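In what comes next, subunit A is part of two complexes: it sits with subunit B in the first one and with subunit C in the second one.
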Partner chain A sequence: MTAWNDSTGGIRASAILKSRPFLTLAIVAAVWIAASFVSRGFGAYGHLRYLVELGAVIGLVAAGQTFVVIAGGIDLSVAAIVTVSAISLPLLSWQADPTGLVSILAVLALTTIIGVVNGLGVALLRVHPMIMTLAMATFLQGLLIIIAGGSAVTAENPLVHWLGNARPAGVPAGIILWVAVSAIVLTVMHATPFGARIFAMGANPLAASLSGVPVTSTTLAVYGISGFTAGLAGVLVLGMNGQGYVGIGDPYLLASIAAVVLGGTSILGGLGTYAGTIPGAVLLVTITALITVVNASPGWRSILFGSLILGLLLLSGREQARR
Partner chain B sequence: MTTVAPLLAARGASKAFFGNPVLRGVSIALQPGRVHALLGENGAGKSTLINLLSGALRPDGGEIEVDGRAVPRMTPALARQAGIAVVQQELSLTASLSIAENIGLGAYPKRFGLIDYNELAARAKAACALVGLNEPLSTPVGQLALGRRQMVEIAKALYRMPRVLILDEPTSSLSATETKILTDLLERLRGEGIAILYISHRLNEVMALCQHVTVLKDGTCTADRSLQGTDAAGLVRLMVGRDPGDLFPQWQPSASPASAISVRGFSAGLMRDVDLDIRAGEVLGVGGLVGQGQEDLLLGLYGAIPAKAASAVVNGASGLPGGVPKANALGLAYVPADRKREGLHLIHPILTNMMLPAFARLPALKLRSRKTERETGKSLAAQLAIKGDLQRPAQALSGGNQQKVALAKWMPHDPLVLLLNDPTRGVDVETKREIYLMLRGFAAAGKAVVLLSSDTPELVHLCDRVAVVREGRITATLERAALSEEAIVSAAMGAEKQKVAA
Partner chain C sequence: MSMVPSAKSAGALYWPVQARRNIGVRSLFLVVLAFLVAYGVLFPGLFTASGFAKFTQSWFPLALVAMAQAILMLTGGISLAIGATVSLGAVIAATTMAGPLGVAGGVAIVVLAGLGIGAATGFIVVKLRLPAIVVTLAGSFIIGGAALLILPRPGGAIPAWLSDLLAGDTPAAFVLLVVIVLLWKLYLATPLGLSLYAAGENPVGAYRSGVPVDAARVAAYAISGLLSTGAGLFVAAQTGSGDPVIGTAFTLNSIAAAVLGGIGFLGGQGTMRGALAGSLLLSLMISVMFFLGFTPVAQYVAQGLIIIGAVAIPQFRKVQP
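What follows is the complex of A and B.
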């Protein structure tokens, strides 16, 4: 069983050292140190900062994914939602919105609603989360092709541009956004009744509902959060990229799930923490960077990426059997 | 008898888990043609002893003998070959497979390398006939009530034609009729020379059925003797190590005329068109054969399954709650029968389990106070005598303590109506007594307690009134003066046609 308990009050040092979030963090540090010896420039401050900035996108997508997985579900529509966000934002701009804030809020509302629709399917129509979110992803992809066609759209939103490129006090705005979101997510997850309900639902939905947990509304909220954070990641990726196109979100489906699982959250639900997902996300971009350093062809990069994720999961301990 | 070598025996068996001794030098000998009782509180080492006898675990010291010969490396496969069959307390059936497939699982008759379904059906049918299972053999086990599943489990053991049959609390989820079928069957098997090891918390059953008894207490054997000349109180003394006193608390009337729940024309699940009044300050028993709709009555009132009623008043509010959060708000609490599946979050800390109803009703984004939670948990643990670190996962607790946690989590909310679904199933004598005391205490404090139970003595001794359910209707409501095991059983079987006035 994972050493992390969602309600450990006085955490002892040994418990921290043995916890999955810490283990993942230690792996990241080890890989960084080893890689900076092998490849000069890898360990440079600028490069590491760039890695964390890239990790922010995965981290944002994986924030919602962590909620969904802990609640006992899975969201396979996050990649499509990232793309929806990155493509619809340039289309939704008004003259009367000089900062671009209104269109960002409109896009986030849209992606949250998409998430809530996922939740409705799961909670009320009792469609399996995999089927529901996969169907949603397919539906959105079709819609995007019709709306955007094959061409890329360029964002002319000042706030989006700032988010993707500004460095207040030397720290990329994307990282600041990630830190803020992480603080909120960790608080909601581990310090509110809402968070406790999510853990209960994931561990035993029947016992949770008989204990009075409002399962339907909590499910809607969880998928809504996933839609929201995927939308936020879409905004950030658009800012960093400058352009949105169909397929821009594709890398983030496997990445979000891998970050969650690498961070020690049980794919069966009921156990885990976003504190593990954070180093999990950084670990993923680190692996990608290492593969790029190796200078492999795109085919080999994918093969290496997949194998490394599998290998890391085997290393850091698989799910223990439970009834 | 003593000249015959025991079919299966343990000699001075010891076993420790992680350095904790669970069994210390325990010997037991199962003779052919004898029903041997194994008694002990939860955690006394009964299940470990069974696991040693059936080869699921290997002893650290001592020996396991089959037909008088020591078997140095007992395995489940060897045990099966030796004709040892175990009916586990935790049901080991596969819900999506049919009755016949479950019974034959692992020992399917084969033809040309494929399962011979005709042969399987014939043999499974014979095993089912023995235990009185008349459901179609193709019924998925998941659709059966708990008691019927238990019968499938027993049929599964009989299918293997055992010489030694070990039953771990087989009657804890059986109705009176099913228990009767089982005890008759065990008598017959005993006559055929089968050795039977029988574990039960129900002493009257043990006294009626068994000839020999082994009592375990804290991993050592405190008695290995013939049952002749012992009484139930003496057995309890051996198990608990002190005088038993009365299992049931003194009954005192505490019912008030105030009504807690009143429904007319109530229907939910199997229940059809039921009128029921539950008064504040009473323990209302719900009895009947297993699976007649009693559970649906509780779940319907609790809003966990769809229900409708011509008229309903619940704690002063009119209309059924229609949902669990609403029912909780109206002061209803429900403790389910299957605590592992429905009552607890086994992988979560005990403390989190205790706090869950609070988390369910607090404002979603209000910050939690760990300190308050710890204090609440500590006082609940003290109140209910739950020992040990509350940060351990709930699965670390014994069955009795798990049941206490399932009850404890409602206490901070001071429920007005407590709906209990078989709260003492598979719970040891000591914990039973504690739970009984608590229930009477609730009633005395003016709360309504609805006690659904498959244990008839419990209904007789604890309840102010008992509503007997048969085929989805309340066929009789027995007042305290008219309460007896015979009255409940005959009303449950439909022997008594006229309604006893409520």
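What follows is the complex of A and C.
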């Protein structure tokens, strides 16, 4: 009995050690430890907490992106949706809504609808996800400039302000939100029939459809979720920033995809977990922070960022061999 | 692609194969023709020498990036770094050509940069087996950063005679395009070119049949980089100076043109003539919107809608036979 227990325990331990989420987590820990030796303030609790808070925004955007990528698609409109959320929320605030909850819900409904429209294009019009979401991003970008122009809009929403600045029990509200969303996402992804259908669809859409997976409605739901979480990230980023402007969401496109891939989810679909995306998001923020410490020109910063992501991909993002 | 002509019957099969390849893009050609006629009627200047020159010049860079994207998509790859590579080509041209290296040296550096960047990207994607979308997205940061390092703000210069030659009242752009298309035809006849479609359509089968799949794909990336920096050189000649972010819009437009032209995302589907027709259609739409007085912002909105519509409508017809 004991021997049997020991051996399964051993197998389980080695499986955890070899799993991609754990690998990504280990890289984060290694980078944090190395960086705190090099730079004094880096390892301070306050700084690390700040990093995770920034990571929450990427993590939220990447939550929807993980769903979409596992289902075999990709969402290139998340940056535009983040901006839509951060700009339309201040415009939607009105007097009869003292807590600001109603306008937040309205904005989240709006971004979810945008996501569902993406899904409609992909599922019913059969436009390739990359084209559909890129065109949607182009469309939204034009619309945003028409609506908001070049000026920044300030949010007067108490709940948004609380979300971006409050620290109940020393933990930023954004992190609490991220933890809550993560718990829901992981449950939905790995413990519901819906989650199983997403993996089936991403692995083999034809087989999934023949086995009775409602491909159309699942696709709509997946892109709707991506719109929702991108909208949520927009609300959070607005709260942390205080102001929304055109282009506020731009950094989150590459970040969301990179977090997903760094976390071990296959860009080809059908394989992956949000548990890897979470450390992936923190890793990205850490890289950005390190680059800021280096104090280079914008050109070098951009080169460093791209190179580091490429380097990390080499560590953890490789696709299986063809033969 | 299902038939493999034997050496003897290859000549006899050439035209039927070409005709069959035209089937998929016939309706697209009709739409492009209709647009061209409408454009010619609206703006009769098209049929003068300088009008034709100006029109082909506005189309030329888009045609190059459409080819750059199409050759990758034919092998089953994709690049989100086309725009950044165009920018890099533009700033290299603008900083070298007026200097001691002269035009010839500048062109050589632009060509080498394009081939080098493309080959490096291809090596990372193909040999290290990383997903192309993410590699080129990260690559766009590196390449865009390099462009910013070379020329932090718009500036530099292109010799006036080169600007006049490429973007003046001469049909040089059209002649160049014809030459490039002929070179493409030649390339398709080389072993690497022949492997292109096979590597895209069925990489495993092609590999097992002895097709140099990896080499074909790396070569495709290198050519794609060359076409992109070439487009950058032309854009720099058009504007007379370099701008480190001038190419940004080309990423989406290159994908849109290729997809409008019937190139599939899965590799091995579509033809270069389709991609060129797609880029011409896109270029015509942009010109028409410009002449009709759309603001750049409204152009964004309209372009987004048109691309979805153009891609969706044929698909929709296919679904309901």
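The rule is short, and it goes like this: the second predicted complex is superposed on the first by the 309 of 323 C-alpha atoms of A that agree within 3 Å, B and C clash if a C-alpha of one lies under 4 Å from a C-alpha of the other, contacts with A are read in each partner's own complex, and residues count from 1 in each chain.
FYI, a contact is a pair of C-beta atoms (placed from the backbone, for glycine too) under 8 Å apart; a residue touches a chain by one contact, two chains touch by 3 or more.
Treat the numbers as computed from the prediction; the structure is a model and nothing was measured.
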| item | value |
| --- | --- |
| First (subunit B), second (subunit C), both or neither touched by A:L271 | first |
| Which of subunit B and subunit C A:A169 touches, first, second, both or neither | neither |
| Winner by number of subunit A residues touched, once subunit B and subunit C are compared | C |
| Which superposed partner A:S297 touches (first subunit B, second subunit C, both, neither) | second |
| Touching partner for A:P214 - first (subunit B), second (subunit C), both, neither | first |
| Which superposed partner A:V188 touches (first subunit B, second subunit C, both, neither) | first |
| Which of subunit B and subunit C A:A203 touches, first, second, both or neither | first |
| Touching both subunit C and subunit B, counted on subunit A across the two superposed complexes | 322-323 |
| Interface residues, subunit C side, partner subunit A - complex | 78, 124, 128-131, 133-135, 137-149, 152, 203-204, 207, 252, 255-256, 259, 265, 297-301, 303-305, 307-308, 311-312, 315-316, 318-319 |
| Residue ranges of subunit A in contact with subunit B within the complex | 1, 5-9, 187-188, 191-194, 196-197, 199-200, 203-204, 206-214, 221, 270-271, 322-323 |
| Subunit A - residues contacting subunit C, complex | 74, 121, 125-128, 130-132, 134-143, 145-146, 254, 257-258, 261, 267-268, 297-307, 309-310, 313-314, 317-323 |
| Subunit B to subunit A touching residues, read off their complex | 302, 304, 324-325, 327-328, 334, 336, 341-349, 351-352, 355-368, 370, 373-374, 391, 393, 409 |
